[in-house]
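Letters are used for the chains, namely A, B, C and D, taken in the order the chains are written, and counting of residues starts over at 1 for each.
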Amino acid sequence: MHELFSINWPGMDWLHPSLLLILGSLLIPVFRGAVQQVYRLTLAAAFMVAVFSTVPGVYASFQFLGMDMMMGRADQLSLVFAYVFAIMAMIGTIYALHVKDNVQHMAGFIYAGSAVGVTFAGDLLTLYVFWELMLLSSVWLIWRNRNPISFASGFRYLLVHAVSGVLLLAGIVLYYSQTGSLAFERIDVEGAAFWLILVGFMVNAAVPPLHAWLTDAYPEATVTGAVFLSAFTTKTAVYTLMRGFPETEVLIWMGAVMTIWGVTYAVLANNIRRLLAYHIVSQVGYMVAGIGLGTAMALNGSAAHAFAHILYKALLFMGAGAIIYMTGRAKLTQLGGLYRYMPLTFIFYMIAAFSISAFPLTSGFVSKTMILEAYAENQMAIIWLMLSLASAGTFLSVGLKLPWFAFMGKDSGLRTKEAPTNMLVAMGIAAFFCIYIGIRPEWLYQFLPFQPVEYNAYTMGHLLWELQLLLFVGLIFFLLLKYVGPKEKITIDTDWIYRKAAPRAVGFVHQHGTAAWHAFLAGLRWPLDRIVDAASRHHGPQGTLARTWPTGSMVLWVAVLLAASLLIYYL
Amino acid sequence: MNQYVVLRVITKLMIPVILLYGLYIQFHGEYSPGGGFQAGIIFAAGFVIYSLIYGLDKAQEAISPEAAHILAALGVLLYIGIGIASFFLGGNFLEYKVLLPDDHAGETFGIIGIELGVGITVATVALTLFYSFAGRERD
Amino acid sequence: MEWLGLYNYWVVVVLMMVGFYIVIAQGNLVKKIVGLNIFQTSVFIFFISLAKLDGGTAPVYVEGITEYSNPLPHVLILTAIVVGVALTAMGLALVVRVHELYGSIEEDEIHEQDGKH
Amino acid sequence: MDLLIQHLPALQVVLPMLAAPIVMLMARAPRLAWAATTLTTWLTLGVSILLVQQVLLHGSISYHMGGWVPPVGIEYFVDPANIVVLLIISLMGAISMPFALRSVEQEVDKAKHGLFYAAFLLANCGLLGITITGDAFNIFVFFEISALASYALIAMGKDRRAVMSSYQYLVMGTVGTTFLLIGIGFMYIMTGTLNLIDLAQRLPEVNDTGTIRAAFAFLVVGISLKLALFPLHLWLPNAYTYAPSMITVFLSATATKVAIYVLLRIIFSVFGYEFSFSELNLGYVLMPLAMLGILIPSIVAIFQTNIKRMLAYSSVAQVGYMILGVSFASTLGLMASVVHLFNHAVTKAALFMALACIIYRVGGVSLDRMAGIAKQMPWTMAAFVLAGLSLIGIPLTVGFVTKWHLLLAALEGGLWPVAVFLLGTSLLATIYIWKVVEAAYLKEPAEGAQPVREAPMSLLLPTWALTVACLYFGIDTSLPVDLANRAAETLMGGYL
């Protein structure tokens, strides 16, 4: 009797930061106005404290359905991600302080909490739970933009992840039935379980060709929601890949392809947030490539890059968000000359842009070069070259194209004010971290999973190579810009970059790639429509299977089934 | 069918016989073919014939639909009441022998009581069915 | 001859088929109930006939008789008959309601009136 | 107290049976009838809980009706297998009564309340009787008692289609129970006994006769009809759609579950695992039907515009899951099925209750009438969404517990494609629940729609009680899983 009704609540020995944040977020609607703002800040701060005060160890182990669960496994690897997620939750909260939308705030907190939940999950089932919770909460950040486009893309986002969730669960069940354990360590099995879990993770990491949800959904999210989105989903996936699939060769190539793929499309993008979204794909590619290589330095590099990336990418999204918030426009072709009116935003944005382009003295430099160095050490020239090429493209699009057309360039006639203070504060904090990590990389390095980190980013070789690359790209950009002339009406979609300038190949890829993609979609659509048609013909309200049958036919079925079973039993 | 004198007279003569026969069946149930089910139906049949010949209103004067309702419920209660009474006398549900000090007498007493309950319920339910179908046309 | 010896089962089978066929084939709601009754009756006959013992009498205690038919199936079927009567009454009551609501007791007409839901 | 404990099995059935005629007499005082019925259902629940305790403490209980010793007399038999089902029935009865007060007042003619509640008690009594009895013929009788009461209850729905659906249910139900009767007759010919335990002991001697095989076929088909196994489910969607809301809640949570329990009892306990699955390969019959029964009704549900009907089809699909677990013919699969009996009862009842709240305020639950309803009835819709998540099988809900065990059972049996199939079909549930969420949360109310208020407390509280149960037992799974485990082991062990 006793053991049947007894409950053992997990987490009593350690306050799980995720539970704190998720449960705390449920109280948000209780408060209003300034009190609520204070509450949200307090909650985010408490979350940070809870995360940063977690010492490595194993917490909150309990039994569920007869399986060993572990909600809190804190080690160097999970903590580094948890730290940056906590910082990010704080920055995101400050950035969204002025917004009056309870659903969004709750969704954002639950989303951040679940991301930390994933990183602390010591078993696959807990991981899966938080994984799905992330999906269910994050989709509201897209929907709350409240227009038909964001609704539709949010729905596609949900659908893709629902499918990947199913794959993941299938993999987990299979893994459990093969190994009898749910512990989330390196996924060390052969066959379907391995691939199912890997694909489940890869969807969230936005590995092409499974990346489309990201670039589809993020640009349609709310201004503040996009900041959250840019930080958590892909990076938790990076964490899980790092934990479960280090040294998986397929990831090396996937990562390298990702970097190029993302950059290519980013160069062609017109919507500023779509451009940035493609860059997430590209940047995550570096991390995935690092994981694929799997050496201590590569993994450290991936972790460091994730840390740095979350901060500068969020800063980029915050800058872009500030523009959209103040002007209501999101297309490069409609923007221009904003630096005069939003100087602080411009400065913060440029810090992030330099970071992502890996300028020396920024965070991107100290993390990205680590991955490159790992490849160099392992003599993998092709991959190294691909990653470097992508790096050039990154600078071209984020560091030059976007600021040029949004902040500088032709005056678009927009007369706007500087972004609200809370947005600026949030951007300032992120910018501070970008620079601080660039100057004092050892602060970041102390968190990395494989200690001690014996890596120095600031060698002459790195500096020279990086600066050469950046200068060269900058040169090309401005030369071509001059060639086209400032009066040229800019229509990026069919733009000069690929028609008149060197990367003709890009245009080729784009044209044919897009055409092929559309043909593929159309091809996919036709049978899909047919299936839905057929299904509704038979299953729809008027379909054979759904309408009310005459009683006689029902009874006939009984006779048929009886005859069939008699037949089977007698044979 | 009011105008058929033969029917009316014969019915009048028959009905007491039918009801009496019903009672006979009712109280012979415990040791020969018979019992509450059969008796109840025979009993109800008497009323049905009566109302066919003399009209529904007349029959309902004898046993009104409400009375039939109540009796039906009471019959069931009698049945279950005896069943539960045997709880308190130390037996299982429907264990009649505990009802009276003498086992055999208890069993006879119990079964007669139960059958009476069944008989009342069956008779009145059958009657209710008849009433509700027959009475339907008029509204 | 062996086949004929089991004639009671043949009767049961035929009745059952007839009843079942009526339920399937007739659109008239009352006739369906009738079919259902025939179907059930066949089962009652089946039970009663299997209780019959050759040479046995009715299961009533009389001096000097040692062979009885099995009384248990009778009891069971008595119950089943009562249940059957209740079902018939319930079914007919529903048909009466259907007739009041739809003005018809032909199933296809009723479904037509409701659209195809 | 001792007296009470001793007679618990009888009381379980007798209480509602006793109350039914009394309630019937209260036709003039509907509120009183309601109060008496509520009291009875809660007392019945109390009896069930005490029985659970007794069974867990002392093992199976056998109660001899009328003091006659089985196999001659009728036996009431409570063991770990049927205690779960008893608990489900009385729990659902108890929790739907507070809910009934206002819902029934609105949907059912006031003059009929006494009869309505009496019929409800009889349905309750019948279902409990089916579950508790150890006598094959008694199962038939109780089946008919509960069925007759349900026909009457369904026919009291507001829509005129309720009457026709009730009629169809009656014809189908009668065919089903008559098949059951035929099967019982065959078994009786061969063994001369009706007691289930006795049958289990005597059947092995006559197993290879055609009669027993025929009996098995009749029993399985007859019960499959009652439990709405595809393609014998056709009576169910209409019956659930047009019945009064409270009856839909109760029946969806209990009626098919009880039929499934009887199926389990017969194929596992009476005929035994060996005979059913090794000799007759029942698994090969049930599995394809179960899979079709999951797939097709799920797709049908997606296209439904009446949400009540949608959920009714989803019930058919859920029955498919339960039968699928049975068809694995393993303890794990069986356990998944039994735990799903409980889980689905809680989940579906919560969903139907949420719909009933909406019906109470709006008057209907077609998709267009539900547009934008979430703003007006936030609590109701929140309950619907949470219970919907449980239906899909999201972790931390009871639905996941089932899904997990079914998956493990499928993999344990080496049935790869089935596991994939299971996961795939849970997406179908996502789609149809999603359609409701989309309408309620993301669409604007139709032009000219009257704004409505949140449902009254007496409707909301039971709805939320069940919703919380969906979540609570999804997190602290020990109670249902443990009970289901014992049930599965008992069933696999047969009666011997």
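Going forward, a contact is a pair of C-beta atoms (placed from the backbone, for glycine too) under 8 Å apart; a residue touches a chain by one contact, two chains touch by 3 or more.
The chain list, named the UniProt way, goes like this: A = Na(+)/H(+) antiporter subunit D; C = Cation:proton antiporter subunit C; D = Monovalent cation/H+ antiporter subunit D family protein.
Just so it is clear, the structure is predicted and the values come from calculations on it, not from any experiment.
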Chain pair showing more contacts of the two, A-C and C-D: C-D
Centroid spacing, where centroids are CA-atom means, of chain A and chain C in whole angstrom: 68
Separation of mean Cα positions, chain D and chain C [Å, integer]: 28
Chain B and chain D: spacing of chain centres that average the CA atoms, whole Å: 36
Interchain centroid distance [CA atoms averaged], chain A/chain B, Å: 78
Residues of chain C touching at least two other chains: 23, 32, 114, 117
Contacts with 2+ other chains: residues of chain A: 541, 548, 551, 553, 555
Per-residue overlap in chain B, given as positions that touch at least 2 other chains: none
Pairs of chains, among all present, that meet the touch criterion: A-C, A-D, B-C, B-D, C-D
Contact footprint of chain C on chain A as seen in their complex: 541-542, 547-548, 550-553, 555-556, 559
Partner chain D, residues of chain C touching it in the complex: 23, 29, 32, 36, 39-40, 43, 46-47, 50, 72-73, 76, 79-80, 83, 86-87, 90-91, 94-95, 97-98, 101-102, 110, 114, 117
Complex contacts: residues of chain D adjacent to chain B: 3, 7, 10, 14, 17-18, 20-22, 24-25, 27, 63-67
Interface residues, chain A side, partner chain D - complex: 1, 3-7, 64-66, 125, 128-129, 132, 136, 143, 151, 158, 162-163, 166, 169-170, 173-174, 176-177, 535-536, 539-541, 543, 545-546, 548-549, 551, 553-555, 557-558, 561-562, 565-566, 568-570
Interface residues, chain C side, partner chain A - complex: 20, 23-27, 32, 107-108, 111, 114, 116-117
